[in-house]
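Next come the structures, one after another.
Shared between the two complexes below is subunit A, which pairs with subunit B and subunit C, respectively.
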Partner chain A sequence: MRVRKGLIVLFLLPASLLYFFFFLLPAIQALQYSFYEWSGFGEEKTFVGFANYAEIFQDKLFWLSFRNTMFILLVGGVVVFTVAFLMTIALNSGIKGKKLFRSLIFLPNIIATIALTTLWAYIYNPTFGLIKNIAEALGLEKLSNFIWTAPDKVFWSVLVAIIWIQVGYYLVLLMAGVDKIPKEFYEAAEIEGANQIQKFFIVTVPLIWDVLSIAIVLYSIGALKIFEFPYAFYGQSVPSQLYTIGIYLYIMGFGKRYPIYRLGYATAIGVMLLLSVVIIFVILRTLLKRDVLEY
Partner chain B sequence: MKRMRFLVVLLVAFSLIFTACQAEVEEPGETDSEDEQVVLEYWSMWNVSEPQALAIQAWIEAFEAENPNIKINATWNGRENQTKLRSALAGGTKVDFMDQDADQVAGGLMAEGLGYPLNDFLQQDALDYDGTVADTFVPGVIDLHKMGDDYYLFPYVYNTWQFWTNMDVLADVGITEDPQTWEEFLGMAQQIQDAGYSVLAAEGSEFSYNFPYFAYIVERLKGPGFLLAAVEDETGEAWNDPAFLQAAEMTRELWDRGFIPADTVGYVWPAGQMTLATGDSTMEMCGSWLPTELRDTAGEDFNWGGLRFPAVEGGEGDINDLTAWLLSFMIMEDSEHPKEVFEFLKFTQTQANAQLMADEALVGVTRKDISWAEAIKDGEEAAANANVALLPNDGIQAFYPEYQETVLTPAYNAFFTLEISPEEFIQTMVEDTADYWASK
Partner chain C sequence: MGIDIKDNKMNINDPNNNQEKITRRSARIGKLLKWLKHIPSYLFVGFWSLFTVFVFGWIALSSLKANRAVFKEAWKLPTELHFENFVKAWSVVNLGDYFMNSVIVVFASVFFILLVSAPAAYILSRVKFKGNNLISTIFTAGMGIPFPLLFIPLFVIMANLKLSDSLVGLTIVYVSLSIPFTIFILTGFFGSLPSELEESAIIDGCTDYQVFFRIMLPLASPGLITAAIFNFIGLWNEYQLALIFINTDKNRTISLGLYALQNAMQYTGDWVGLFAGIVIIIVPTIILYIFLSEKMIAGITMGAAK
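Entry: the complex of A and B
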């Protein structure tokens, strides 16, 4: 038995060491750096205590970034899972070409982000964009004159694009769960007189709860650290309306186009992001905790 | 056997001691003898297939052929060069020289004291010019990013900031003279509009393209450095100077009179410049890279011209004060071969080599007496005749990048895209400037 334990430790050791040196140790060091003013160019750092954190609490752009991130998490999350569920129901209703539709909906996930942002920038273009042209062709003057990427609307327009991408991914996850449910459960529900909505809430949701929980946790983590799409959407420089915590961290720490090299402050933002992930993860674990139904 | 082992150990020990001693006596800068091979590490802001990179590769090959004892290893990092370099330096990587936008280096590596001073080097005789290396530069360029009395940057690409214009439209409308004053500029814009053309292309929230309107107007009203001084005023009150409100109102007038089309608020770069390439607008204020960037879309026969930003009557600035967006080399402070690196830099600044860059990459260059590409001829003329070379955004992005990103950009974007009035913009600047400095 002792040999077995030793073997287990031996097998776990390489991965544990890698995890420690390449994740845990840098994470601990990051916490340390967040108490310094540091450009990252040399070893010279100035200890500033909690000054970076105090600055974060007064930083309007950080809170704007935080708010945007929360909108992507909450509003985006609700819409993504609602649409993904509706599509799951539609695709499982016996329509032909289920696999084709599923592949098409998943397609955005295998396309490079930069190509997707270019596509959406064209769709929204206020002069020659796709929506503009379609609306003009249909004689919808108000819609054709709507400027989707105006500063007060661009966040929501980008959120629509993000939802469009994410739906495919979570649709595949949910469908994988739904496909595992034996047909007899639905037949039994039908015999009992359940309609589509009742079957969904009484049969589908409880039986894929484990898949759904994982999907929600994955989406939440992804939403909290979202970066690529809003960053790439503007090509040159991101307007503050599209800042997320990840983007703001990058701008402050890595300079983007301008030489802002506040690595200590950026690390403090990273610590705040980590805290947000932990808090939201704990909340989700509590809310989503249920006994798994085995079938 | 024992004796054999002892001999081997002794031999290894001697070799180690010998190597260590040799490394000890080798001083930095003493490796430049004719016979010894010197390897220079160059980290570049270009991607390997870009025309500028191809020109630099040609320079390197020619230089290595002339100097067989020097080899240059280029690492093509792209635009995030400085950021990548920071991580590499922290990891102990040795780099001899690098390049990047001059503003970015000035606010980054140079501000951190990681540049090698070029003062003495610049006084060397030029390779093919009757004067020093410093004399080979277009006037004003080499001094632009001076830190105190010291020179650290060696600029090689010169982008001029002007109105890049479809000259066929101006000819069609009957405009033959460049507007000299703001009033004349507005008159010209009205004439273009009355003839049925859209006047100005702009990008919606692209601060770096839009802020130069405001920066240029302030410079024309009050001269260089006035805007930077307002940024440096920790009370924020300097923003209450009437010149700033006037500049904001003059910028807004371009929208109010329809010279900038209403759709522009929603343009995502490069939507604005594409309207210029497709003939749907007449001009865009931008760096002189624009005609080259739009070459494939606009076509090689597109009739480009560059108008200088007009003067404001009664103002202190002049139409020949020109914003210069430079790309520069910098020798790293801890390079062991600064002399060899400068030999290479000096080599790039010969007439033939500067012309090669101008021809291959279709960009402006910093060397005097070089013929720029036809599309940017007006840039060449503007650079040659400039009274003063101005720092982009009056130096804010080089010296106060964080202020620019966190205070100025959000407020100016809101102003430029019509979310707030000129008065609200100025008020925001007063308050946010004071808050920014209070947080430091």
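Entry: the complex of A and C
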């Protein structure tokens, strides 16, 4: 509709100013800071060119963080989407209480991460945790003696918890896509003699492709940014097995227990994180691009 | 399942009683088969849901036990209710103060987020002007920028404005960083409203300003409510930005308070206090969820499945 120019400016200005000064500007400044050696908020900055980036490529801890993040993206992603799809099929098979199940499976998504980490720290606790209790009650000695938080297992234990949280979110998205598919498509497939699995690949997947692509992009960007759960799971001394790119950045910049204060270096890690988001986004868009079926 | 109900009804008047029995039996078998077929589905989603209910229920029950009972009598229901766990968490370790800090920051943030985002979303979704696409794209791009990138530069900005380690500063950060997502949700809502209403309002002599406040804003209220719920839950649970921008104890939000409690646990061993803390932090969002879960689920799917 037609609107006076003054109103356009008036309505856009507050959001634009806040967005510019507290979001875009720091993002742009991050690019600048990443070229400096800078050892504390009160200290002078020294221009070092690409030295921070050169160091990142040699930094074993950065690559460990990167690998962990990629595991959350790839392994976590495959499991989350497989489980969410199986649940979609189960909930749409005509069982009762579909909405109730969906609400309960989604529930962890509305709970504070810090409450979830505390909860899982208790579930995994090796001396009196929930799993230990259950295993003892059932007489499963091997399970009750399993140390979930041992250095070589803690990453996977945390990933299990992350999957438990994420499944509900992607279940909701996928179900919304599936609910839009007209029933006639499934009836036609049934008449042709398709079984559940065939119906899924021939009817469901192609018809929810747009929803599925958005869901995959959302999950991937979320996985790259992940910070809160692995960081809070351990309290202040996060072991390197749980480092993600975001956590490593935080430790380099703020690391409260052992102050490191490498602000330029930490910001360069942030730029690498942004680059990863952009690259993954471009890759996914290319891979997922298909003609959307209209129906 | 191959059972013809019509046939069944006709059989009621049939003198041949046997026929009726057989039909009824096969109907029962059919029902049973249908139920059997669903067993794997029930087991799968049932087990997953049960686990979730079980862990939260366990925490809630344990928060009323004594510490000794958590370790020694893990499977027993609490024999006496130790409400003092909550009193202690609320006042001794100051979760009550942190709770109030969160209430102030979150309500203020949600209010200002909507105040600045709704008019912007209205203009971007309904008014044609030069640069609309560019501005929309710039706002959308914000959803892809990972927050850790902003940690250090934004900290410097806030420190220079003397707004670091303050609830006002945290509110400004929350509002600014929530704008892209909120504008994204609201443009969807404003965009779906019929344009005849605007036109007839103009003919009736409304100014463009009145069209927004009297016509479009009330019509978009379901969208505003959805955006408010999402921002409320997101910010109530928020933790990484608070970790960066809040330093002193008195300015902690509830998430930071619980985090401190969890860290202290290594020395105190006070698990029941921690469980009480968990219950305190999750009650507000659980209450919202009980009443609004369908609306929230619809809101999530709106963006992806139009």
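Observations
One rule holds in what follows: the second predicted complex is superposed on the first by the 266 of 295 C-alpha atoms of A that agree within 3 Å, B and C clash if a C-alpha of one lies under 4 Å from a C-alpha of the other, contacts with A are read in each partner's own complex, and residues count from 1 in each chain.
Heads up, the rule we're going with is that a contact is a pair of C-beta atoms (placed from the backbone, for glycine too) under 8 Å apart; a residue touches a chain by one contact, two chains touch by 3 or more.
Nothing here was measured: the structure is a model prediction, and the numbers come from that model.
When both complexes are superposed on subunit A, subunit B and subunit C end up clashing with one another. In the overlay built on the shared chain, the residue A:R285 is in contact with neither subunit B nor subunit C. Comparing subunit B with subunit C, more residues of subunit A are touched by C.
In the superposition on chain A, A:W148 makes contact with subunit B only, not with subunit C.
In the superposed pair of complexes, A:A176 makes contact with subunit C only, with no contact to subunit B.
Shared-chain residue A:P126: touches subunit B; no touch with subunit C. In the superposition on chain A, A:A215 makes contact with subunit C only, not with subunit B.
In the superposition on chain A, A:F254 makes contact with both subunit B and subunit C. Clashing C-alpha atoms between subunit C and subunit B appear in just one of the listed stretches 26-34, 98-106 or 242-250, and that stretch is 242-250. Touching of subunit A by both subunit B and subunit C, each in its own complex, is seen for residues 41, 121, 235-236, 254.
Residues of subunit B touching subunit A in their complex: 79-80, 82-83, 86-87, 89-90, 103-109, 111-112, 114, 203-209, 261, 263, 265-271, 275, 280, 397-398, 401-402, 404-406, 409-410, 413-414, 417, 419, 435, 439. For subunit C in complex with subunit A, the residues that touch the partner chain are 37-38, 40-42, 44-46, 48-49, 51-53, 55-56, 58-59, 70-71, 74-75, 115-117, 119-120, 122-124, 126-127, 129, 135, 138-139, 142, 144-157, 159, 172-173, 175-177, 179-180, 183, 195, 198-199, 202, 208-209, 211-212, 233, 236-237, 239-240, 243-244, 254-255, 258-259, 262-263, 266, 271, 274-275, 277-278, 281-282, 285-286, 288-289, 293-294, 296-297, 300-301, 303-305.
Contact residues of subunit A toward subunit B in the complex are 39-42, 55, 58-59, 61, 121, 124-127, 147-152, 154, 233-237, 239-241, 251-252, 254-262. Against subunit C, the residues of subunit A that register as touching in their complex are 1-5, 7-8, 10-12, 14-16, 18-19, 21-27, 29-30, 33, 41, 86-87, 89-91, 93-95, 99-108, 110-115, 117-119, 121-123, 128, 130, 133, 137, 164, 167, 169, 172-173, 175-177, 180, 210-211, 214-215, 218, 221, 224-225, 227-228, 231-232, 235-236, 245-246, 249-250, 253-254, 263, 266-267, 269-271, 273-274, 277-278, 281.
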